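What follows is a set of structures to go through.
You will see two complexes here that share subunit A, one where it goes with subunit B and one where it goes with subunit C.
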Partner chain A sequence: MTLVNAVVQGVLLGGMYALFATGLSLMFGVMRIVNLAHGDFAVFGAFFALVLVDSASLSPLVTLLIVVPGMAAFGYLLQRGLLQRAVVASPLPALLVTFGLSIVVQNLLLELFSADQRRLQIGSFETGSFQLTYDLAIGYFPAVVFAIAVALLVGLSLFLRRTQLGRLMRATSDDQETARLMGVDNRNMYALAAAIAFATVGLAGVLNGVQTNFSPASGPTLLIFAFEAVIIGGLGSLWGTLLGGIVLGVAQNVGAWIEPAQQVLAGHLVFLLVLALRPRGLLAKGAPA
Partner chain B sequence: MTELVTIRRATTSTRVGGGLLALGVVALAMLPYVIVPSQVFRFIDLLVFVVLATMWNLLAGYGGMVSVGQQAYIGIGAYGLVYLADQLGVDAFLAVPLVAVVAAAVAIPVSFLAFRLVGGYFAIGTWVIAEVVRLLTVQVDDLGAGAGTSLRSLSDIDRDLRIAYTYWFALGLATVAVVATYLLIRSRLGIALTAIRDEPTAAASNGVEVTRVKRIVFVVSAAGCGAAGAILALSSLGVQPDSIYSVQWTAYMIFMVIIGGVGTLEGPIVGAVLFYVLREWLAQFGVIYLVVLGAVAIAITLFVPQGLWGAVSRGRLRLFAVGHTVRLPAEPSPTPPARRT
Partner chain C sequence: MTGQAPGGALLDLAGVDVHYGDLQAIFGVSLAVAEGETVAVLGANGAGKSTLLKAITGMLPITAGDVRYDGRSLRGAPAHRRAGMGIALVPEGRRLFASLTVEENLLVGGHRARPGPWNRRSVYELFPLLRPLRKRPASVLSGGEQQAVAIGRALMSNPRLLLLDEVSLGLAPIVVKQLYAALPAITASGATVLVVEQDMHQAMAVADRVHCLLEGRTALEAPVSEVTGDQVANAYFGMLPSVVS
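Moving on, here comes the complex of A and B:
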């Protein structure tokens, strides 16, 4: 693998991380909840798809038609039923509840599916690639994931800026009390935001399950990568999230190019470097939190 | 008449409670003379849990910093002890306070990075730092790389004596951790912490040096977790990277503090004892036991946020004199209280 190849594959991998980061960023942006079970729910989505593949012999990509709405409905109910109670001024209850959820989801998956590594198979499309030069090829699947990530970020940005629902969501995020005075059902807004976030989590979980192995224990790593993408890019900036994902993906792949065992460590170190030098992220907006 | 009210910190319950706690420590210290070593050995875990719960409570309950990365210091403590004892020839027991200092020293630069994040992102940030510490540890061949290493320097000490010594060190550490937290909370720093937890901006505008106060708490908590890790290495005679740096330690700490009562000194002790008993009992159910722990932690957070100690004591019963009791004069004062105009 050449350095150029490592960078190109890293950029594409960054699309996957941006996809993971979107839901984390949205839930924090709208209801100030940092969902510590984010990665575990992504793994949950992947196992959901795996069950559908095994039982109804659907293609993993077709299962998205069920997994994504299913996760959205789950997110809506979870927010209404559980997380809404933890939305208070102090971040402590929400962190404790989502950390508890992380433990519950992870160990339930372990009990149901064992600790084995799994993969969602989509056949030749997953391994196919455009051969650009002799030693540089772009896989079809990573390219599609990158395109989906960009489309999702653009779509979400337009939704939040241009639609009535998106404006109501931002208004609720800015000032819950005033939004309620204006007749907005804040709890419904929060639950809708959670539904969108969980839909993206399901999407990311399934696509990740096609691209790489997963097991019930994969959740924390996915959460950490999503978080690093958000922080590197800068809080509150959707394009920052994409850039953050790309920086993380490139850092990991270049790290692996230098020393194969150091892929994850290289990503963490670049994250810490950004935290030390540009704590508000590469594309930070506005005043510090 | 110059003094209209008196403010007291000790109440009847804190005097009785403090006495009982002191008696409890003395009784626990006698334990190795009373029960067989294999039973004493099991109590070491309980004391380590008390230390960990007390340290996590200091961070989150008083300092408002939810860390998911305290396993970094547990690991540094355990590895530090093995390194000091086996490679540098320091007495293994004397190494316990030394590694606490090492953990504290690591926590100082870490705090500068971690404090750039707040709330939930601080939580994940500490987790990343713990992962970095783990990934760096497994690169070092002297520390056994990915396989971990065993503690050899205690191999010629008699087993029973070793267990008794480890137990006494664990008891000493638990006592120091609780008393140090008590003194910290009782001091001026404790008042600053409460102010920060309740409203950081207002605290800062009233002259509280928010970052400095939080850093002290962060470093003290790291020292305690480091010493607890050292005890773990002493009791298991070795260290294994995946288990010592496991985020499960944080899950245990959170569970103990939440179930006992966050933001009280008594809560973590109650939680540690409960967790210790529950763990023994639930272990037979395998993985499901963690599912139950998680579900219970969620339920307590949402429905009994003050924890079991808080629910039972209702803020009236205190074992530690950290509160303020305002006592009005016995007779109504001859001059009416000053009225605001």
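Moving on, here comes the complex of A and C:
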């Protein structure tokens, strides 16, 4: 593998990380909730797809039509029924609640599906690739994931900036009480933001389940990668999230190119470097989008 | 002469109590505002003026009495629903959406707009200083500019009842004068206005009636034409007329 190849594959991997980080970034940007159960809900989404594949023999990609809206509805209800109560000036209650949810989801999945490694199979598309040069090939699936991540972040950014619903969401994020005075139902607005976040979590979980193995214990690792992508890019900035995912993916792959056993360590080191030099992230902003 | 509003009142508070936890802030206040009227609620810091507005907008629950709007009790109506009924507040300290631009603040204000004369264009006509600032984030504006945005944002909903909370707070007198100069155009558009002020003279210049609060209780209520500045000042500072005169 050449360095160029390592960088290219790293950028594509970064798309997957950015996809994971989108929901985390959105929940933080709008509600100031750090969702520690984020990775576990992604794994939950992947198992949701697996059940549909096994029971209705659907293709994993077709299950997205059910998993994504299902996760969105779940996110809406979770925010409305539980997380909204934890939205206070201090971030601690929300941290504790989502930490608890993380444990609940992991153990529920363990109880239902055992600790086995699972995979969502989509056949030849997953392994196929364009051969660009003799030693540089781009996998179809990573390329599609990257394109989805970019489209999602561009779409979300436009939604938040340009639509009335997006403006209302940002206004609610700025000042819930005053937003209510404008006739905005703050709880509904936050629940809608959670629905969008959970839809992206479901999408990321399923696509990740096609790309790599997953088990009920995979959540925390996914959470760490999503976290690193968000922090590297800058909290609350969706463009930063894309950039952060790419930086993390490239760091990991270049690390693996130097020393194959140290792929994950290289990512962590770059993350620490960003924290030390630019603690607010590469594209820090006060507001979401 | 009591300050009873002529005809059917648009807003009618009857014997309202409001508590902050165990602490009572408003004691049996009754206040009626007729459609098209401008009423000023005056009082010193801590007299309960802002609390009264919070009870009207639904940000604080009332613990006794009733708030009626357009003949119906607002009991149980959440704050965001009251906005849709045509009640708009310009909050104390302006409370603009800091990460939104001036124009976006106005658009959010128009979220539950009723049909009426106010839209972005008419707001920019009322406050021409805002037009060049449209794309600026609200957080970088001067105090006077922010207050103009806050008033414009409230107008965007085409309110039937506009509540103004301490518009003059922290602003230079010249700026306050400019902002109050916009009030006749607002009342001419049909809005009923309830002004809460510490600046007695400014408020009395625009109001039809005054309602003075002292430590959460009504101290004086009268048409502006029938009271003197001294009477209002006495009620404001809590001096009994007999002691002064």
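To be clear about the criterion, the second predicted complex is superposed on the first by the 285 of 289 C-alpha atoms of A that agree within 3 Å, B and C clash if a C-alpha of one lies under 4 Å from a C-alpha of the other, contacts with A are read in each partner's own complex, and residues count from 1 in each chain.
Here is the rule we use: a contact is a pair of C-beta atoms (placed from the backbone, for glycine too) under 8 Å apart; a residue touches a chain by one contact, two chains touch by 3 or more.
Bear in mind that the values here come from a model prediction, so they are computed numbers and not experimental data.
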Next on the checklist: With both complexes superposed on chain A, which partner does A:246 reach: first (subunit B), second (subunit C), both or neither?
Outcome noted: neither
Checklist entry - Where does A:92 make contact in the superposed view: on subunit B (first), on subunit C (second), on both, or on neither? => result first
Checklist entry - Regarding the shared-chain residue A:178, is it in contact with subunit B (first), subunit C (second), both, or neither? => result second
Checklist outcome for this item: subunit B and subunit C footprints on subunit A meet at residues none
Item to check | Sites on subunit C touched by subunit A in the complex | outcome: 57, 59, 78-81, 83-84, 88-89, 91, 95, 97-100, 104-105, 107-109, 111-112, 153, 157
Item to check | Complex contact set, residues of subunit A against subunit B | outcome: 28, 32-34, 36, 82, 85-86, 90-97, 99-104, 106-108, 110-111, 220, 223-224, 227-228, 230-231, 235, 264-265, 268-269, 271-272, 275-276, 279, 289
Item to check | subunit A-touching residues of subunit B, taken from the complex the two chains share | outcome: 60, 64, 66, 68, 112-113, 116-121, 123-125, 127-129, 131-132, 135-136, 247, 250-251, 254, 258, 262, 286-288, 290-291, 293-295, 297-298, 301-302, 305
Checklist entry - Once bound in the complex, which stretches of subunit A touch subunit C? => result 164, 167-168, 170-171, 173-175, 177-186, 286-287
